[in-house]
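Pasting in a structure now, in structure tokens, and then I'll have a few things to ask.
When the chains are written out, they are named A, B, C and D in that same order, and each has its own residue count from 1.
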């Protein structure tokens, strides 16, 4: 089943390069997304047994992130189909500098999209740190063309930075993997997760620490923790909305999974205190960075990108705090992926309606595109953790754990920066949503946002609200199971 | 035989220094390639009873780093009509001093990380770490996009020195996968460089710093 | 139950005497014969039979003002002890009710004044409310100082608890309280040095200018209300300076009435020997009263 | 209990229905209003039952969430707050039916009604919840719904500004509450109120401080009040009535709830509350005095009344800490009574203001005047409300303050241990009372009395029938409570039992009886005086004339004493605090022509406290953005530095 999960997107992705007929290709994209989700659900129900020493397998942690990725991808492909149609129709005129550019061929875009899905599936399913590494690197390489969909210099610059910074980061992760191997050298251990966990105590502590540091920096770069986040706002703001949504919602989680895996090993080796310090420190650092940059933000897509950094900080903080906070962090990861993807979808519509990413240029959404505006505001309330929402629960649980763990300083900083983020985003969302709509010049006809492009965001938001009111038992099992994996380190 | 291995280590470190010092792009590419090849020799020398899989793997590495990468990069350089010199942001003496400092730091770290006795080659950790730092040096102090790819390659070399010399026992598949990724990475970077050279008149990364949140003129206003 | 009622009606009857006495004293100091002591009674009778003139600007509020003002004063009087004897409406906290009844009267008068839409009356109203802001706390704190002396929260209780012994033990407190109450008394009744009842320039008036447009029976109500207010606040001072209670009710009441007359005479003296303060200075005078009250409290607490 | 839950359900359902009927404003309004009224009627049944027969009813819904539970409870304390919530929301809904009519078609009325009912539902939900999770949900729903109503007229920039300030205040307040609940939950690990216990040592005080910040932001404690005078005037008048009347009281409720959970307070908590209360009361009414927009004035007066309530609570806490039962009981009791009273008279006042806005098209005091003739009912209601707001007998405003006074005076007796704070309370209450008279005399006078100062009125007319009915109901309540306060003491005593022994409050019933007697006497005397007046002038028809103009030939309406002139002596006296901006031309020649003078009341705390801090943070943020300047080399350098730092730190 896992092999199917990976192979179907792989081959269909390769096929997409060959199919020339748009309609058929788009249909295939939707179909593959649907099948992938179906298979994921099947895996969720069946819970295939994990063979020890096997490279691939789905433990609760992997299953959780796989589920999120799959759901996101379905939404994204629904959105993407319509989006690509729109892009085909009108020539790409640059929003801010006004030069004309042409788009990447749709075959390449679709193909990379599907391969990207395959790579991410591999990340979530891999039980071998080497394979995990390879898969993560693959996601980087496959998403680079996606970011460079609009072929103009700024997106090219973004792609270049993304490529280089992430590759360097990933190189660090590779070094970390080797250190991990060195740590296991004495007891002749491979990088197979199962064996690492089962006799983690026999690992060489010094090397294990070094390995964690390198892996943390490596995957942290990919995950967008400050100060390794520098590529993230550029990539998110320059890539098309679909891609930004996938990057923010799925890819960052995958990188986070990498950190979680090695954190698993560390806590199994009794180093949870050591990892905790680092995770908390960088979590707060990311929160601070995100807060300040949001406060000074002029571009709403970058604003969303920084909010992703903020949430990555929250996740890292939660995992670092341990205890109930881990559950909170995972819940937050799920809810954030859905919400942020939805917000990026909406931002794409706003960009289409206003042809600019400048906050100061966007006024009176509620007048010009009411439905989009309502979704935009709902998204704001959800992403800032207004109850009822999964994000709120996650935030609250993390705070509770921090307080009961007597990390008062961390808790205070956490809340302070959350407040700053709230204020900063509140200003931006209000300025954009309220007020009189800017007058259109006769030439451009008002943009009507299509239902098909609003639907995914609406569904995602609904799910997040629902998570804040009702937690289905199976999800609860998975999340708590994953939490046990991270804290307990047991198989 | 370990003496031979240690000779290689010394060679690697010298290559780092020379890369830090060299001003010609072509020379840099060649030096990096040489470093890769030498590094790939390590496992073959380091001891007897080398498994066949490892031999195959080493050959692959030698092929890739000794032949394909230099070819790719040179081609990129020529296609993109990049001028010959490396245009460092800081002077060569400073580069060399930094490189030495990196080596010192690396050896300090080496003392912190005692190698298990199964690994019989001394100075592995300092060598690989200093190579990595040299790579970072190239990345951060050279102006051109292509030199940054080069820096990335040097970092890779550093990692390989460690990995290969320690024969961290990995299934061949994994090794290959990793190798493939690196290959694709360099390949994609090459393509990107072509694009860059098309979009911009030359590939000095100063051109590539338009995106950002830093508006020097602005000050915090009414909130 | 009869005696409180008799006291009440005595107050109602005797109140208009006080302005007469004040005028007589002032006349004496001015070396004139002055108007008869009973002048106010005559005025009230005469005004009651006059036809009122109403500005076209005014509304029912203008007519309601004097009525509410008078009613509030009548109610205040019902709370007041008479010569150390409890009033018929005395309970824990009646002093609070008293102050707020004065407030009600003030609001009624002010609104009636504003109803005319005249600049002068607005001016007077504005000054009235301004001075009250400083007078009320002083008044309250003075009462608080007395209350801390013991005797509960009802005026009757406080004053029946007050004995000559208190004057011996706590003379500074009582002196300060008396001074504070006297200033408040002058301000609330708009006498010199806060206001000059018989000036002729609207710009300098406070109370008089507010009732400029009232005529006939309304004016009668207002004048009578003013007399009652004079009596009411005077009665408090009288109770403080006259702590001595002889057994018999007649003697006590007589002494009390004499005390009231004495206070009126004192007002007359004050009005004769000093002039009206500049309006800007009035708040400072009232803050002096506030200071007296606070000092009294501190001494009281120290005891 | 169940009935109240039903009421919530009705509210939410009617909200959804109104939203779906957005196309047809008339039906949407009908649905919204009738839903609110129906819910109120149903909810009042069990509320009143709880108040008459004190008990604690609990109800718990299944909850699958990893944290918290949907536990609801209805006890007298919540019921005391539910009473005004239901009554005022019902009255406001009725009023809104008429009030919003002219906006049909211009504005999405369906959404407005949905938000209004959602707001009511959220408030009821907050009062019902017995667990941090539903409490916070209701709390945020309340904030969100009221925010949507505040930005109702978002075309105006100042409304948008108000919306932003309100949003930020609400958000940060909620964060304080999160922290507070986390602290309260840390001993037991559960966030249900029933299992929360007082954390040890300084943490208890920390909880208290956080609750003061979190709930104070909602209640409008100075200096946490900045959103209030901006947001309340921005909303439609019936919403302002609800926000000022009951929504800010949710902060008071939360504070009391936390005090119940904490138990055994420290003495200095009481001190803090008394000082906050005194400051809020006096400064609030001073700023009310300085405003010349009617609704802003009313908003500031709400801050004043919250201050009075807080002083009462402070006395209560102090009495608890010093174990002076009478002080505790009277303090808490007075505070709660004033909560109810303020809801009614402030609702009434805001509704009258709304009627004025309808008829005159402006609330600028300097341009109004003489409306009493045009809208007699509204004027009467306004003056009645003002009298109540000035705590004048025989109306309800007096009763609550009377209890607080009683408590204060009781504790300045010869052998008291809380004399000094009591004196602070007495002094500030007295000053507040006098200043309130000034403020409301100014407001009522310049709106309804005299002659119109400007003739730009669009057809002055009195309020519509339904509006009149709503206002009449509240006015009647103000009068009735003023006369029947003794009957309220038993429910109040029941409400404060978790905080303080309640017999002193019941003992105070005697005094309240006397107060009612005094009030009745007053009314009787007024009637007598009125009869006398009638009797005197029988047969003497009054003569119409002109106002005494000192002989000046051509008086104009602009010559009347204006609002700012009326309060100028006081505002000048307090200028150092108020910092009003004056603007007038320098008069140069001997016979000056047209001249103008205007004063502007400014948001002192916002300008001098918050915006500098905010600007500082922003400036810091802008400096920090240097990190993202775009050079790839530096980006990689960050990674190297971080890596090395980590290696040095942790290896």
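Criterion: contacts are C-beta pairs under 8 Å (C-beta built on N, C-alpha and C of every residue); 3 or more make two chains touch, one makes a residue touch a chain.
All of these numbers come straight from a predicted model, not from anything done at the bench.
The chains in contact with chain B and with chain D alike are A. Of the two chain pairs shown, C-D and A-D, the one joined by more C-beta contacts is C-D.
Centres computed as Cα averages put chain C at a distance of 36 Å from chain D. One simple way to say how far apart two chains are is to compare their mean CA positions; for chain A and chain D this gives 44 Å. Each chain gets a centre from the mean of its Cα atoms; for chain A and chain B, those two points are 30 Å apart.
Averaging Cα coordinates per chain places chain A and chain C 78 Å apart. Contacts with at least two other chains are made by residues 614, 617-618, 620-622, 625, 627-628, 632, 636, 647, 651 of chain D.
Each of the following residues of chain B touches two or more other chains: 112-113, 139, 148, 208-213, 215, 218, 220, 223.
Taken residue by residue, chain C touches two or more other chains at no position, since every residue touches fewer. A list of each chain pair in contact follows: A-B, A-D, B-D, C-D.
Interface residues of chain C, counted against chain D in their complex, comprise 48, 50-59, 61, 63, 66-68, 70-72, 74-75, 78-79, 89, 91-94, 96-97, 99-101, 103-104, 106-107, 110-111, 114-123, 125-127, 129-130, 132-133, 135-137, 139-141, 144, 147-150, 153, 202, 212-213, 216-218, 220-221, 279, 283, 297, 301. Listed in rising order, the residues of chain A touching chain B in the complex are 128, 130-131, 133-134, 137-138, 140-141, 144, 148, 151-154, 156-161, 163-164, 167-168, 171, 174-175, 178-179, 181-182, 185-186, 188, 190-191, 204, 206-207, 210, 233-234, 237-238, 293, 296-298, 302, 423, 427. For chain D in complex with chain C, the residues that touch the partner chain are 369-370, 372-373, 383, 386-387, 390-393, 398, 402, 405-406, 409-410, 412-414, 419, 423, 426-427, 430-431, 433-435, 437-438, 440-441, 444-446, 449-451, 510-511, 514-515, 517-518, 521-522, 525-526, 528-530, 533, 536-537, 540-550, 557, 559-561, 565-570, 573. Across the complex, chain D is touched by residues 160-161, 164-165, 168-169, 172, 206, 209-210, 213-214, 216-217, 221, 227-228, 230-231, 233, 274, 277-278, 289, 291-293, 295-296, 324, 327-328, 331, 366, 381, 384, 386-388, 392-393, 395-397, 399-400, 402-404, 411-412, 415, 418-420, 422-423, 426-427, 430-431, 434-436, 468-473, 476, 479-480 of chain A.
If you check the complex, the residues on chain B that touch chain D are 89, 105, 109, 112-113, 133, 136, 139-141, 148, 205-206, 208-215, 218-223.
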